[in-house]
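Each of the next two complexes has chain A plus one other chain: chain B in the first, chain C in the second.
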Partner chain A sequence: MPSLFQQIKAGKLWDFHGGIHPPARKEYTSQKPIGRLSLPERLYVPLRQHIGVAGALLVQKGQRVLKGQPLTAADSAMAVPVHAPTSGLVLAIEPHIAPHPSALPEPCVVIEPDGLEEWRPRHGLNLLEADRSILLKRIQQAGIAGMGGAGFPTHLKSGGSAGIDYLIINAVECEPYISADDVLMQEYATTIVKGIDILCQLLSPAAVLIGIEDDKTEAIAAMQAACSQRDHYLVRVVPAKYPSGGEKQLIQLLTSKEVPAGRRPLDIGIVMQNVGTAFAIAQAVLEDIPLISRIVTVTGETLSQPQNMHALIGTPVGALLDACGFAPEPEQRVIMGGPMMGFTLPSLSVPLVKTSNCILAPTQQELPAANNEMDCIRCGACAEACPATLLPQQLLWYSKAKDQDKLKEYNLSDCIECGACAYVCPSEIPLVHYYRVAKAEIREQTRDELKAEQAKARFEARNERLEKEKQERAARNQALAAQRQQMVNAQQQQQEIAAAAQRVASGQPAQQNLSKEDIIAERERKKAEARAYQAAKAEQLNNEQSAAAAAEDLTTENRNKQGPDATNKDAAVGDARAAAVAAAIARAKAKKSAAEPDNQVAAEPGTGSDKAPDTTPGAEAGDARASAVAAAIARAKAKKAALGADQQPAAEPVQPQTATAAELAEDPRATAVAAAIARAKAKKAALGADQQKAAASLTTETQSQVENTAQNPAAVLTDGVVNNEVQAAKLSTATPEDKEQAKKAALSAAIARAKARQQNLPAAATTPEAAENNNAAASTLDPKKAAIAAAIARAKAKQQAATDNTNSEDEA
Partner chain B sequence: MSFRIASSPHNHSQQHTSILMRKVALACIPGIAAQCYFFGYGVLIQLLLAVITAWASEALILHWRGKPVLIRLKDHSALLTAVLLAVAIPPFAPWWIIVLGTAFAIIVVKQLYGGLGHNLFNPAMAAYVLLLISFPQQMTSWLPPQSLQAQQQHLLDPVCTVFTDFSCAGYSLTQQKTDVDGMTMATPLDTLKTDLAAGRTVSESHQHKIFAAIGGIGWNWVNLAFLAGGLWLLQQKIIQWRIPLALLGSLALCSLLAYLIDADRNGSPLFHLFSGGTMLAAFFIATDPVSASTTERGRLVYGALIGLLIFVIRRFGGYPDAVAFAVMLANLAVPLIDYYTRPRTYGHRPKGAH
Partner chain C sequence: MSMFIALGAITLLALIFGAVLGYAAIKFKVEADPLVDQIDDILPQTQCGQCGYPGCRPYAEAIANGDAINKCPPGGDATIKKLADLMGVAATPLDSTQTPAIKRVAYIREDECIGCTKCIQACPVDAIVGASKQMHTVMVDECTGCDLCVEPCPVNCIDMVPLPGTVERWKWDLQAIPVLVLDSNPVNKNLVETN
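For the complex of A and B:
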């Protein structure tokens, strides 16, 4: 048994299933010379004429273009450029009705020819020197896409991998009426063979099979003559049968192979190119003529002179028909392509493109269309005609039922839409139309299913994320609660230790069961202490009141000083304000002390001062005051140290937030959020300091600073506290005549500060949470959310402050 | 100006359903002519009654169903059903037989299933079976070929007999069936069956005058005429070769095997092929597109199944001829046959191969 290659060499042909023999009517045009069309008034060059993407536009409206000048760029592998078919002016770049069954407008370059036919410079390639990549680049840049109908970019098909067994040149032209390839072969056989030579250089096939239908005797002779010098170029004459020019059918005819479903001919070592494509390749490579024109069969019985025309790409169909003596009848059909697979045009302004091989304007009598659909009688004529061996009547049944599973089972996707089934159907059912609709529905559903799947995945991922976040939040809250509990425990412990130390210092045994007398004595002692403290406080209050008065005087003085000296003004105002604030703080402190002396006294041992026990019940008020002051200073110092240590970790989590705020500095929302948080913190501080009256002014001050810096609320807070100190110092220098009082004021300020810090400690612990909330708020673009986040932050701060108050009371 | 938009293809073979049906009906003419020649023109009366009934009932039902009446009448499917039933029943059967049968075929078997293209059974054969089961006496009262008839037929005898059950001379159908030997005649198949049942051999049965030709006098020619019509249909590509060939081949093979095994108790293959309704079934009944298999291999199976069933029922069954039963049984098997004989689509591996 001879091998397949030997059989092919020997000229064996195979057959494909089905097929039909519609009247060919190629004799209308096939024996006439190729006509040339004079330049039309306008050329409409669609930017995309192939399967793939349009290249980037290279020309502008109003620009003059030369013949062969690229209009779009070959800027990606799937891009095939289009060229100016002649020299002229770019009138517009606008959507124009496109040669497509949908007839939807597509972007076109509209060119007004100037009649000069002025070429851009051309450079033919020397085949001996050009390597593969240069050839492929030239083929792409010449804008060559499959001219048989599909328009697949030729450079992609020709640049494939090695191992090509057969290069098949499709010159079958099985569609009735069309003779464009026939006359091309008759007139340009040698150029076509040169194009095949170039393809061979690119693909190195074992053999080249040139398939021509047996009704083109002259073309067969011309090709055989042109190929006579090349042993492995085999001209194969196939019997006329539609659709033997289909890619899959011709492969089966010439090689007996079948392209597996869903694969390409390349996968079985076969590349097929249209004969017109081979011609275009030769023109592009050897003469540097890009694909700007093609031969098109203009035929049909409404034309007085049907013939093949050499026409420029972009020529409106109307110009071609008019040149051939078009006399339309009512309800005229104008078909681009053949009668079997062509599509009707809604308008004559549709331009010719690279894949247009025929313009057909038949009479109704000549090509009676099926328009009287009846019930399927299951005659099976369609199944006998189907070249893909499908069961068209079953597919029709399932198409009507929209049974997509069954359509898949009966391989609808293998339908090549050749129209053989609809041609033979005695019930005049437009079968192919049903299949197109079904295919579109399947595509649609596949897309919807994909979308639904993606949406489901997104939804599940979101749920997972939310759940994870929820758990993380719960875990963090638990951790924080534990931390707080620990801190409270630690403080209680500290308190107990301090109490124990105090007991040791006062020489009392650290017994749990104290004697009754001891307890009574202790109470007496504490009462005396409290009385002494109260007395000291009353004294202090008096002093403070006078200090406040002094501060007020100072403010008035400063105000009076305000004048043309603008540079001093701010400082003076600042000083005055500082003094006022300090005074207010002092006042508030004094009032509070007066109102809750017991509290204050009870709190004292907790602060870790070991001076208190030294105070004897019978001590004088002055001594008491001095010692109180000393104690306060010591306390303040200790706390300041503690604060310094605590402030550090508190500041760190704040940093990212600051960064976020800085990043989104342009975003007013983010700034507003930051400000809100700062305000909240300030309020907390104010609450913590129990300076209800001073709170307003302090808040205002902090807020103004926040608005100025808009960055680090924590720093601002610290600044505010430090400022108070500095201002207090200034105050003391500003009033040298009453240093005593000023000192007291400073002292009270220090106490206030210390209190503020004490409140700040637990507040600082909550800062990371606040920071995260703030981050979340900043990340959302919704202003509402930002506002809500800010409100939450504020509320939390308040809540925290309240808890802290309770905590301090608990401490007490 | 506006242009007409249409979906491809823009050409059509001009082979329409109505043309198909008309040509099938026309292809029956040789067979009908032969029947007229051998059995009298009773068949023409039956034909007329059948066609009128078919058109009337089709129009009525289409009207009730709210479908366009005229267009569907013009598809000639009702006409064909009427013709096939008319040639299948005895020419001298009473008029109400054919009217009832045709109305049943059109109304119940065809239209109640959804009209043309949707019926599961061949309407003519379903009606034939209904009539055969309901009215066995009338449905088997075939007259002997005219050359063997004892009474000379008068010109109006068929008309009289069909409409009154008596010939113009007053003879009943049974009397008319009596041949020159004074024996009540039946079809050759019937005769053979009766003889075999009575213990005679085939060759003894063939002593009967009716067996002067291969398939029986008259029947031989009627079958040849239908064969000619069928061949014309094949030539016209109205029907495909698969079903007739498979049917005749299967019937010939089965009868040949039986004949080889026991020639005394089995008719020859040629007797089977050219007797009864064999050719009518092979080219006109089994090829009815609606109720036949649609795949290429399926049609071979379908035809072969009918051939087998014809032989089995003729040889072992209770009815002398078996075409209608065989076709109806095969109709039932069509969905199954179609499912298991789907062709391998281009580019797909054969089923089972991986």
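For the complex of A and C:
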């Protein structure tokens, strides 16, 4: 059994599956010499005429270019430059209809020829001196891309280094009508062989197979003559059958090898070049003529002189047709490429490009347009004709259903779109069209998937980045907060140290423990003041009269009650001031506790508590004026509070708190603090209560119950507190410092109480009168009076507690 | 006696298999919900939020939890069909309140851009470049056409323009090809169209 190489050498041919025998119709042009076209008015050179990317533009609008001057740069491996086909002026660089079935515009350089055909300087290479890289560079810079139809960059195809068994020169030209390669071989066989020599130098194959169909007798003879000196150049005459010129089909035909799906011939050690490409290589390397023209078959029965034309790249198709005597019929179609694989041109201004091998202008009778599509009858003729051994009817089915998984399963990607299936189809189904649509959709989908993948990656990266930024920000904020806290702590410590030092210096160690509480109390007081001031500002003066009237009634009542209570207090008068303070506190609490249960009764506690702050300044007998001022302030505030007097329910929640405050009240300062807290809470509650007024009637029942339990102990407690305080006061009389302290405490407590009243009790309108009473009392500087006032307060508290009880009982 | 041997053997086998299965369940545990990943792969990843979720993955999770599959306008019917196949539910037409969109990309009229960076912050895929008080522009290749940048623009200088067709992207729709119809005038002067 001879080896494959021996078989090939012996001239054995194989066969491929399927194929058709359409009428060749090459006789129109194949026996005529190559015509030359005069310069057209305009040349439209598309920047990209191959598979790959366009190079960077090198010329500008208005620039004069020489023949063969590159218009784009070969700036990447996939870039193939284009050249000026003749000398002339660059009129524009603009989109122009591209030679593509879509009729979409692509960027073109528009050149107006000047008719001088002035060449740029040319330097042919000496083959003996040139090495691989120089040759490849020359091939790339000459702008050579596969001229068989696909337009794959030749320098890439020829650059594959080792392990090439066969170089196949494709001169089959199986498609009907086309004879461009045929006449090229007839006229330029020696140049073609020179081109093959260069390719051999690059690829060093074991054998060169030149495949020519058996209907091109003259071309076969010319090539055989040209190759006679080279015994590894084998001219193989293949039987005419469409599509034996297909790359994979020709490989199978000449070597029996099959190119695996999705692979290239290079993978099995074969490189195939078109015969036109070989010619272009020879021209580019030896004469430095870049690919600026090509031979194109202009044929069809509407032309009076169909022939092969040597035309410049960029020549509009219309100019070519006119030169051949074009006489269009109605609804004339002009096809670029052959009748099997070509496409109908959308316009005659489409330029000729490197891959255009045929312009076909057939009559209707000659090549009727396929518009008579019928349903598939599943005859299977297409499967028999398919050169790629696919199942076209299944592919049609799945193309129509857009079932892309199934299309992949049936190897749609291996379809070479030769059109054999459509040719044999008895139902005249344009099968290839369906495959092209399906392929485009698959391509689009692949692109979308890729884009989705990228978008997802970018989206995730962005989210990650945002998350990181957020965390960083949080960390920074935390660090800053910690820093601030530290600073505050340090400051406090310093303050404390300074305060301690001061105390030590002034000899007052006794205050050490109390300083902090003092500070807090003071702060609370100031805050409360500010709040009260603001509240007062906001309130209107419209309820004045009614409030005043109510207050008068209440004060008279209060005066009546003062008498009996006075006696009780006498016993306690160890220290008038202390007693006053205690009394005031007691009253305040009593008032508060009493205030809530009944909205109407609310006015009464107001009077009670109003007196308290006033009595304290009164008790502070050292300065009458100061007390008067304080009283005035208290009155003013009370008035204002009274004006905003619709907050009765607000006072209710305060009550339990006051009770607890009373419990805590072992120390006037502590009481003040508690009162301040209570006030703050009351305010909040008042705000809430304001809105809930409607609901108040419903809740009174439960509230009163709460109050019952709260008030009774409160009343008891207030008495207890008073006693405690009195005792404390007695004990503290010994030292003057303590007295002062007590005074201060009393003051602050009084002010605090006054505010509490203002905020909690709408009925505080009574204050003016009460304050006057108390002022009078204060001016007398009589401790007894103070005691009396305290006693009255207690009595009132009791009474109110009693009335509250009854009220609540009634309500209950 | 043989009955006990059989019982014992089966019990032993059951224990062995149980142990193997239990071990496998721990050893080969799948962390993520693969269904969510599968759905996410089908969704077009425009991150446009037209489904009502902040991105494609949240919508994928929602679908996995039983949300409707017809809320993705960028995906269109193709996505719905795939989701229906995956989820084993009927393919419902796109939610009537949403319209299937043709592919569009954002375009910033650069003369009018004031450089506020609001669109940059809105872009879910970082497809807008620019800096504060500098002109911004959209990277067309990265733009998913989600519309999210249009709303925040204070000067309304962002347009959504249909993606221009290119020869590579062209789908063979022969019905749409403007086929040249030539008259039968024997004098062919006007046939070479010139610009």
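Note that the second predicted complex is superposed on the first by the 446 of 812 C-alpha atoms of A that agree within 3 Å, B and C clash if a C-alpha of one lies under 4 Å from a C-alpha of the other, contacts with A are read in each partner's own complex, and residues count from 1 in each chain.
By our rule, contacts are C-beta pairs under 8 Å (C-beta built on N, C-alpha and C of every residue); 3 or more make two chains touch, one makes a residue touch a chain.
What you are looking at is a predicted structure, and each value in this text was computed from that prediction instead of being measured.
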Which of chain B and chain C A:471 touches, first, second, both or neither: neither
Touching partner for A:96 - first (chain B), second (chain C), both, neither: second
First, second, both or neither for A:20, with chain B first and chain C second: first
Residue contacts on chain A - larger count, chain B or chain C: B
Touched partner set for A:453, first chain B, second chain C, both or neither: second
Touched partner set for A:433, first chain B, second chain C, both or neither: both
First, second, both or neither for A:331, with chain B first and chain C second: both
Contacts of A:383 with chain B and chain C, given as first, second, both or neither: first
Chain B versus chain C as contact partner of A:346, first or second or both or neither: both
Footprint overlap on chain A, comparing chain B with chain C: 328, 331-334, 344-348, 430, 433, 436
Contacting residues of chain B [partner chain A, same complex]: 1-17, 19-20, 71, 75, 77, 115-118, 240, 289-290, 292, 294-296, 299, 338, 342-349
Residues of chain A that touch chain C when the two form their complex: 40-42, 92, 94, 96, 98, 100-104, 106, 110, 316, 318-319, 321-322, 326-334, 344-349, 430, 433, 436-437, 439-441, 444, 447-448, 451-456, 458-459, 461-462
Residue numbers on chain C that touch chain A, as the complex places them: 40, 43-47, 55-56, 124-127, 142, 144, 165-167, 169-174, 177-186, 188, 191-195
Residues of chain A that touch chain B when the two form their complex: 16-17, 20, 22-23, 176, 248, 252, 258-263, 328, 331-335, 337, 339-348, 360, 362, 367-372, 374-381, 383-384, 387-391, 393-394, 410-411, 414, 417, 419, 422-428, 430, 432-433, 436
